[in-house]
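Report on the following structure.
So that you can tell them apart, the chains are marked A, B and C in the order they are listed, and the count of residues begins at 1 in each.
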Amino acid sequence: MTLNRRTFLATGAAATATLGAPMILKAQPAEYVLGASLPLTGPFATAGQLVAPAFALAQKLFNDEGGIAGTPIRFVTEDSGYVPQNTLANYQRALATEGSALVGYFADSTGAMKLIAPELKGENARLMGSTSFASELANPETNPYQYISGPTYQDQFDILLQNIKAAGGSKVAFIYSNTEFGRDPLEHGRAKAAELGIEIVLEEATKPQGADVPTHVTKLAQSGAEHCILQGYVTGVWPQLIGGARQFGLPVQFHGTFWGMEKLIADRITAEAGPFLAGYQGIMPYRYFYDRADAPRYEQYAALSKVMFAGTPLENYMSTWAIQTMCGLELAMKALRDTAQAGLELTADNVAESLSGIENWDSGGFFGGPVSMVNNKIGTGRVYEYSPETKLFTPVSDWLST
Amino acid sequence: MGQFVQFAINGLMSGAIYALIAVGIVSVYKATKVVNFAHGYLIMFGAYFYFTFAVVIPGFEGAPAWLASWQPAWMVEMRAGLSMFSPLGAVLDWVANLPRIVFGLLGAVVCNALLGLLIERSLMRPLMGQSVFAMIMVTVGLISILSGAASLIWTADAAFVPHIAPNTPLRFELFGTMIFLFGADIVNMVIALLIFGGIVAMVKFTKGGVAIRATAEDQSTAYSMGISVPKVFSRAWILASATGAVAGAILATRNGISPSLGLFGFSVLAIVLMGGLDSYVGVLIAAMSVGILEAMTQWKMGGEWAEIVPYVAVLVVIIFRPHGLFGQKEVERI
Amino acid sequence: MINGNLKASYGADERVLNNRNKQMFVYGCLLLLALFPLFADDYAILMACKMGILLIAVVGVNVLTGYTGLVSLGHGAFVAIGAYATVVLSNLFTALPEGVLPFVVVPCAVAISALVGIVVGLPSLRVKGLYLAVATLAASFIVNFLIEQELFAPWTGGVVGINTPVPNLLGWELDTKREMYGLITVLAVLTLLGTQNLFRTRVGRAFIAIRDRDYSAEILGISLLRYKLMSFAISAAFCGLSGALFAYFYARILPEQFELDLSLELVAALIVGGMGRTMGPVFGVFIVLIVPELIKISMGFATGGDLEMQRYTAPVQEIVFGLILVFFLLKEPLGINQITDRILRSANRWPFARG
């Protein structure tokens, strides 16, 4: 049964009545606010601009379902330029203007998450999701209010390295951008590779943008690596690296993590520079949007997208990045609704507790099956491979969990 | 040893591009005594102009098909049966792209020259004769204006631009190590050095060049000798932004297009000061040595340390030779 | 009528607030600052704190660039050193009782910043003008690079940044922004007062002499070595203090907060406000921080919060920042302080002719 606003309200009211518990919501606001910062400008603007419409879609969808226990929600999204300090400023501004109506926030980088984490204390604490998969965040002890809507980068490296091992690989290169994003899983990756008996023949840091591609490719060529994992890029650098390696005729198998797995980018690269991404593999924690036969939630998004984004490229396809955001929002909404349904005030502590209590959640198709929040993350994912002919990423592994 | 040669060649190739960027800074300084802190951002504009004329415009509906990809019958014939990444295939790719490469380069050079002229007229000329500080700071303000304008006009995107030369891979063995080189990089190096040499020759031997040198020597005397100093100013800026457009196009093919290309300007600024602001020879030597030093650091210490090589080098040189390796010592009169 | 300018003694003429209008203005401002937290909302407090922190750093740049005439494009690095020293020292000196920790750590951080300032200032003895600008720029790139290095990550946290301690002044924990506002305001006012007084001493006058013509100053018996380095040290010390407050104000610091943008912002604020004037940094910081907010708010109104349009806000802010800087350089090189001076002068002489 799909919940519309009326049935939802009715069930909510009935539940309250039978329990006989008075709703002790202190000065319940007319609407709840969820804030968000997006990189609409700066190095990851492409991603931010593709994610932005998802918030409009989510607001419509969630409010049609009755918001949070009948109270509508509103998203306040702002640009951060992928500068953590701007995200912090946006958060502080939202906190100062919205007060207790603000029940959640979405940050747009690992840096921002870490910068804001220590600010989340007492009155100022809010539930906080993000675009980041940073391993340090998956720790309820130190970051009780922050969560990851998928596996951490370390988990993703684990899965990739296991996959490489299974494919008989023994020499691997790590190429990463010189940012916290790129460096995040390195140490863990080294340990894991040692454990699996894979030799790391090259660890190469590049600039996140405008990297000196020929030099990096030369180093890769001379390292004799069979596999190469690329970490810490979104739209730039990684395609050039792969292109350079292909022109040299290097037989290296490239692997990416979540942010390097967008179909739109892969398609554009194929259109502009030829089919050299053939065989590119990587890990993606969710289903792709075109694979929505078993994903009822995706179908709902698709129906709404048809109406809301008619005439734009978003009409038929939702980027992986937007899916990641939607998953984060779904998790937050689930936690908020669970808390409200239990008759508790929507304080960060209560909501965080509901969130970490999510078990066997039927995500409606994001993941292969029911998932649970363990250590504020969902440690599951799948390896996909890109094919320039079909222009699709198709799964080459089963759903793997860590 | 083979590795050493590999990285030395890599260093020379990036050094040549540094030299090409540096020639713009030096020319403007010689003529106008202004050090352009925003030169890197002019280069970024050049890269974006190249992108616009080589990728965006050929992609339009109304654009002729041969502009986007020239496919004469003989080429289709030759291409049949070639494997995807064969050397001949790379050359054919380049020939197919040739119309848009030429169009892109021409467009970038012309547009960037106009931009340089605009900057000179609107911001630099009113400051003629003002303090050095004010002129430096105007170029600092220009950094913000240019980088903001670029992100207003072009959205950040993963965009490939066609290589200026066929990107045939070259590989050969030397001292037991495989050496890998990109064909396009070698041609880029040659182009950069030719332009550099051309400008030096021009300044040395042509009438316009003499005017630049005379202005560099003494502005008011040059003025009184009948040299139109404002014209020299405009020419220097046009020259700098046109060479910057070529440098930008080359950087766009090597490093990808992004607003961060502007940061190259700062490393090159360090190189220019290291070589001596008004000496073409000094700047060439500095550019090449920084290029090689960077490549060696890249080889031995990894990518991130290479970023600060120019800055360390310039500090060391400045402490021992305050006016750079070949710079002229300014004589100050009280 | 020109009122309040009659001086009967040298003492009266040498006072910092040497006429009644100035006195009233300064006391009024102080009163306003003291009452501000009573009526301001959280957002206003946030902006005020940011301004206070930036102000102290800009005053530091003013000492070097405005008064001594040495150009620096790398002062963001000194703010970084102040901030990181505060955090690193707080983590090292855990043996000290928390209440006295800031009284030890902050002076140490300021001293370290000043020492680095002297080192960075060394090239200033041999090079001037733009050579120095590039040298400081290079130095700041190197400092930032070192902070980010894995090698020092156990102390600095590397690229991922590091959490900062909550300041505890003799048992008073400043864990809200309002309390921090008090601390920042007091220190900012003291810094302004300190620089104002510095330039009534022998040292300050030596700085000004160097700015006006360094060789002449040397001939007059002013040791360039000593005073140039001293100027670097003082200016770096102020930036270090600003950094310490920065660390205390935010719960975590990242290396990228102190990069080129900050250095340029400092110099821009100084130029816009007015170089070599006490109140210059105040006006400059106000403009540099308030204008982007105004643009953001007005763009928000103009577009009705449309996400599609939001992407143009940041570029517009950037362009306007550049335009303001260029405008002041071209049209009003002495900054806002010059404008206020003109207004005050004509108000003072009213109804007589302006001039």
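Note that a residue touches a chain if its C-beta (ideal position, glycine included) is under 8 Å from a C-beta of that chain, and two chains touch if they have at least 3 such contacts.
Note that the structure is a prediction, hence the values are computed from the model and not measured.
Student: Which chain maximises the distance between its CA centroid and that of chain C?
Tutor: A
Student: Is the number of contacting C-beta pairs greater for A-C or for A-B?
Tutor: Higher C-beta contact count between the two pairs: A-B.
Student: Which whole number of Å gives the spacing of the CA centres of chain B and chain C?
Tutor: Spacing between the chain centres: roughly 36 Å.
Student: Cα centroid separation between chain A and chain B, in whole Å?
Tutor: 38
Student: Any chance you could list the residues of chain A touching two or more other chains?
Tutor: Within chain A, residues 41-42, 45, 49, 178 contact more than one other chain.
Student: Using the touch rule from the top of the page, what residues of chain B touch 2 or more other chains?
Tutor: 151, 155, 304, 307
Student: Chain C: which residues touch two or more other chains?
Tutor: In chain C, residues 311, 314-315 touch at least two other chains, as defined above.
Student: Enumerate the contact residues on chain B facing chain C in the complex.
Tutor: So the residues of chain B touching chain C come out as 35, 123, 126-127, 130, 132-134, 136-138, 140-149, 151-152, 155, 266, 269-270, 273, 304, 307-308, 310-312, 314-315, 318-319, 322-323, 332, 334.
Student: Using the touch definition up top, name the residues of chain B that touch chain A in the complex.
Tutor: 3, 6-7, 10, 13-14, 55, 84-85, 90, 93, 151, 155-160, 167, 169, 171, 177-178, 180, 182, 185, 251, 254-256, 258-261, 263-264, 295, 298-299, 302-304, 306-307
Student: Sort out for me which residues of chain A touch chain C in the complex.
Tutor: Result: residues 40-42, 45, 48-49, 52-53, 55-56, 77-79, 81, 83-85, 88-89, 92-93, 95-97, 110-111, 114-119, 121, 136, 178-180, 183 of chain A touch chain C.
Student: Mind pulling up the chain C residues that touch chain B in the complex?
Tutor: Of all residues in chain C, those touching chain B are 71, 73, 122-123, 126-127, 129-131, 133-135, 137-139, 141-142, 145, 148, 213, 215-216, 219, 260, 264, 267-268, 271, 311-312, 314-319, 321-326, 329-330, 333.
Student: Inside the complex, what are the residues of chain A that reach chain B?
Tutor: So the residues of chain A in touch with chain B come to 41-46, 49, 178, 203-219, 221-222, 235-237, 239-240, 243-244, 246-249, 265, 268-269, 272-276.
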